[in-house]
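Per-chain residue numbering starts at 1, and chain names A, B, C and D are given in the order in which the chains are listed.
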Amino acid sequence: MIIVMGNEITDAQIGTVVKKIEAAGLKANISRGIERTVIGAIGDERKLEAEMFTSLPGVESAMHIAKQYKIVSRESHKQNTIVDIGGVPLGGNQIQIIAGPCSVETQEQMDLAAQFTHEAGCRLMRGGAFKPRTSPYAFQGRGAEGLAMFRKAAAKFKLPIVTELMDARQLDAFMEYDVDAIQIGTRNMQNFDLLKAVGKVNKPVILKRGMSATISEWLMSAEYIAAGGNHNIIFCERGIRTFETAYRNVLDVTAIAVLKKETHLPVIVDPSHAGGKAWMVPALSHAAIAAGADGLLVEMHPSPCDAWCDADQALTPAELKKLMGTAGAIAQAIGRTL
Amino acid sequence: MIIVMGNEITDAQIGTVVKKIEAAGLKANISRGIERTVIGAIGDERKLEAEMFTSLPGVESAMHIAKQYKIVSRESHKQNTIVDIGGVPLGGNQIQIIAGPCSVETQEQMDLAAQFTHEAGCRLMRGGAFKPRTSPYAFQGRGAEGLAMFRKAAAKFKLPIVTELMDARQLDAFMEYDVDAIQIGTRNMQNFDLLKAVGKVNKPVILKRGMSATISEWLMSAEYIAAGGNHNIIFCERGIRTFETAYRNVLDVTAIAVLKKETHLPVIVDPSHAGGKAWMVPALSHAAIAAGADGLLVEMHPSPCDAWCDADQALTPAELKKLMGTAGAIAQAIGRTL
Amino acid sequence: MIIVMGNEITDAQIGTVVKKIEAAGLKANISRGIERTVIGAIGDERKLEAEMFTSLPGVESAMHIAKQYKIVSRESHKQNTIVDIGGVPLGGNQIQIIAGPCSVETQEQMDLAAQFTHEAGCRLMRGGAFKPRTSPYAFQGRGAEGLAMFRKAAAKFKLPIVTELMDARQLDAFMEYDVDAIQIGTRNMQNFDLLKAVGKVNKPVILKRGMSATISEWLMSAEYIAAGGNHNIIFCERGIRTFETAYRNVLDVTAIAVLKKETHLPVIVDPSHAGGKAWMVPALSHAAIAAGADGLLVEMHPSPCDAWCDADQALTPAELKKLMGTAGAIAQAIGRTL
Amino acid sequence: MIIVMGNEITDAQIGTVVKKIEAAGLKANISRGIERTVIGAIGDERKLEAEMFTSLPGVESAMHIAKQYKIVSRESHKQNTIVDIGGVPLGGNQIQIIAGPCSVETQEQMDLAAQFTHEAGCRLMRGGAFKPRTSPYAFQGRGAEGLAMFRKAAAKFKLPIVTELMDARQLDAFMEYDVDAIQIGTRNMQNFDLLKAVGKVNKPVILKRGMSATISEWLMSAEYIAAGGNHNIIFCERGIRTFETAYRNVLDVTAIAVLKKETHLPVIVDPSHAGGKAWMVPALSHAAIAAGADGLLVEMHPSPCDAWCDADQALTPAELKKLMGTAGAIAQAIGRTL
């Protein structure tokens, strides 16, 4: 940690900072410049917090120089981690497209969706049974009953299933229906009790980025899960909130490159929620794969116009098939497979 | 709801839109312009969602024109609502300053904090027992034990207590220690299961704004609580996330004026988390009161430099006392009392 | 234009709105709903502004439904426009990579840069003579002298040149050195007098997006140039400002897809300023091309570590060559050429 | 400047950094920690730029620790600067309200506006002759002719005049009509050639904050003016762009407190452009004054509904008078006068 002090400080003020560093078991290195004095705290920085110093007289700022995340960092684990979702590897050279409807509606809809997902060549299926909706008056999902329909439909094509967990009290149902990968939604990225709960479970977790979460906060949320013992974590970029109103979110492709550098864990992209319109999905999917994403989480509905929610962002089965074609060609262009 | 259609549409496309409106029990009003055709859906809009139409061919956009929130709206309830927190009225002409430490540390610290809160003239006390921390390795709060210390300290001065709930599973402890007002933190503003849980409880809820939540989303989150039966809701603006890095958040004073217009419920401000530095708290507090806030949620610690978290944003007892003086003068300038 | 009125309005208030619409030569369509009354203004909307109505009693909101941009819109011109830059076509099936240093430093540096640009297979060259710098104490560019060096170096390889114009008073020098395409920088996207100036010039204009400009504002800025008579405009996405601090800007790939839909003009991407680091450039370049960009504006320096500005974002000549390879493969994957 | 290096660096890499620091005439202080090595550059930091180091192998990040602005900083000049605008002091204990219409329309309108401004007790007048408009088809201002009308109307009440300069080529007209304070608009905050131009003029400059400019960039833009010799600079906060769509901009009151700490120059606020609606102006004005602003720039129109632009954000003369009353009371509450 580095502590920067102003240009009119006393020896006593420097002494207070040094004492606080030493009390935490670290050593202090003092460097007096012309306009500022800089004190470096040498040792395990994680014992210190910036606020311990910025409240002291004479201190202008304090900042960590080492990363605050550990288990999820590439510094601690150089090789790419491949996460196994019900037998399908995510994070290796092969790119995975996880497709399916926004929400589970009926058994028939799920049966059709599973068939189309399989026919398009996708090896994993998505679908929401518990739905986070902005309005309390909107359709809230089919709940545990929806998990049953999803499991039944996917089983026919041996597709592992991915679905969102909104509250720790729903975990039992997730275990009962043997959900293959648990998705933590954007609104729950910093629901720390929920992160702790999935940290103790033996299932891969897909952690979506918060609407306006920094890369660093996102990595720390993953560290919450990892610290509980569950290291099977997949990051999912789904667009961030900005000033732009022409589309729902801004897909942050830079985040893909930065995450691949900072962490050994897989990174996927949700192009459907990012843009919010089906017609944008191909361009965003292409960009995500070209930028290095390990997979996509795409909405496809047997009949988008009749979807119970997010009808305007689901691909048709034919559009999904076409996307698989171009996505495969781009994967090849950068030396990967689909 | 208004549905805007492009300039090269067919009668069949218009027909599809009209049929969908009528199927939901509303009537359609078609207005053909030169460059666009506009279809108005007349009736109860809450049965419609924009995505039902934007996925149809020829449709450019669709938008609600009526508010999506109902119980919390001023349209539905013209008079200001005064929420009673353990006997103290919030939302009337008298402004309330809720003061206390960021987190419960020890019984001694809470005893001192309660005394200073009372001596400064504050009638409500705050303190965190369950703490949402970015890092899993940081102090996570004293938990239920902290609630006990808080209750004991506050009881001596008859101060009703306000504290944060992070997970529905902690509600029993909140009831056991008879917490007077439940705070929902910024990271949980759209934790819908938690909102549903406090919607069924007979306690006032202080709902903090999400880091990048729009006013409309915030009102909808309050509507979640209200829809469950609990109408004792207080909005708390605590700064929003922007591009600016010189301070932690940007206190959004415009939100105060807009909320007072949109809802009948009280609006308070947390100047401590907004700026993130104690020296900014007086200016932000003055601004909040001048802009029309019904109260403040302020961090004060008996000895800020020794605080276990957020040490740099807590006021000293003397600073709190001074703030009460100026805040009172500003309240008077705009015709209110403190 | 649509004018939405509240639920407690009088006939007189409706009458005032209608009169204002008719005074501008349009017709009014009144649609009375249960909670709101909607008035549509039928005719040429560009004669109206929302503020003409939102200041009237009873009016809640007013919004345009037709696009405010005309010449640059795809509605007015269905086919893709191909802009000719010194003989090189931009906006067709072939993708163009415009490479070169951030700033003109010396004749030797420019000679080398031109050679490497040519050798990598690029057909256009970039370089800044007038530099917008945050600090008045930083290197401000070589000015007109720099234009001379740039022209001389590029001539040897017949590379058309692209360089930034910061002030209308520099236009004479741009004409003297026959700059092939004029770049308007991000900080000047809404420098309307500058836009008017380049609107009267017979040279292609590369219009960078403002740091936090919406797509709509960006299109309107292009419309300023077009309205002056110059229709040879190229949009350049260069990353937007958000809350994220891990990289300089967030490259907005969604903007590419949206612009290609809204306008017939070419869209290119500057991956160097977007990420701000050379190591991010390949991933961002791949993403941009995959998303449908018509070209890239990339920084390359003969010796990045010695660059006078933005040293950390320039590619080496070898890195540029490698980028051309992968970019070509991705172009092919989506049916284009490089 | 501090340069942070990774944990697997060589002595040679450290040597390269040290040599670069010494080549610029500064000294290096090396501090080897467990996970990182930190090198401090001791001496005049303004000679260094972060990019000089971040492009070197082994370097993770580099950051200035001294402020990059000098003349405008409070470090260089402890006392508050009082700027004289045509005889009226701005920046002292007395708060100034600069009122007037958005744009100059007619002589009659300006005569009335001047009278109402004077009658409300304001000592300075605003009005736009050159107007920055998003659309090329919107009213662009009356230009030089408008300056003449403005000067004539204000002269009758001896009101010094404030108006916006959009392009250096308009400066002659500004001198001819002896404009008392030159406003640089939000879209031109980083129009560096314009800043240089007003830096050489002997007139106070009101520098509006860019739509998404950081405090640091804003101070650097002021430094551009100051470096040219003109130290009579006034900062004007006018709301920043965020994700929120319920109002035009978010008034950033925190910026007032931070600027008053960082610079000795006056800080004023434009509550009209911040909120974008007349009904928000009182609340925002109150907040600005309570937070410590030295003045306000407020839109008032003799007849808002007939205004040629921004009709919905102008106060009526009666509303301005009322605002002056409350603003005066708040000023008194914090020990100032109006």
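The rule is short, and it goes like this: a residue touches a chain if its C-beta (ideal position, glycine included) is under 8 Å from a C-beta of that chain, and two chains touch if they have at least 3 such contacts.
Fair warning: this is a prediction, and the values are worked out from it, not measured in the lab.
Chains touching both subunit A and subunit B: C, D.
For chain pairs B-C and B-D, the one joined by more C-beta pairs in contact is B-D. Look at where the CA atoms of subunit B average out and do the same for subunit D: the two points lie 31 Å apart.
For the pair subunit B and subunit C, the distance between mean C-alpha positions equals 39 Å. Taken residue by residue, subunit C touches two or more other chains at 212, 241-243, 245, whereas all remaining positions touch fewer. Those residues of subunit D whose C-beta lies close enough to touch subunit A in the complex are 2, 4, 7, 29, 31-36, 38, 40, 42-45, 60, 65-66, 75, 212, 241-243, 245. Within the complex, the subunit B residues that touch subunit D are 212, 214-216, 239-240, 242-247, 250-258, 261, 274-275, 279-280, 283-284, 286-292, 326, 329-330, 332-334.
Remark: subunit D residues 46, 49-52, 54-56, 68, 132-138, 166-169, 187-188, 190-194, 196, 210-212, 217, 220, 223-224, 227-228, 241, 277-278, 304-305, 307, 309-313 touch subunit C in the complex.
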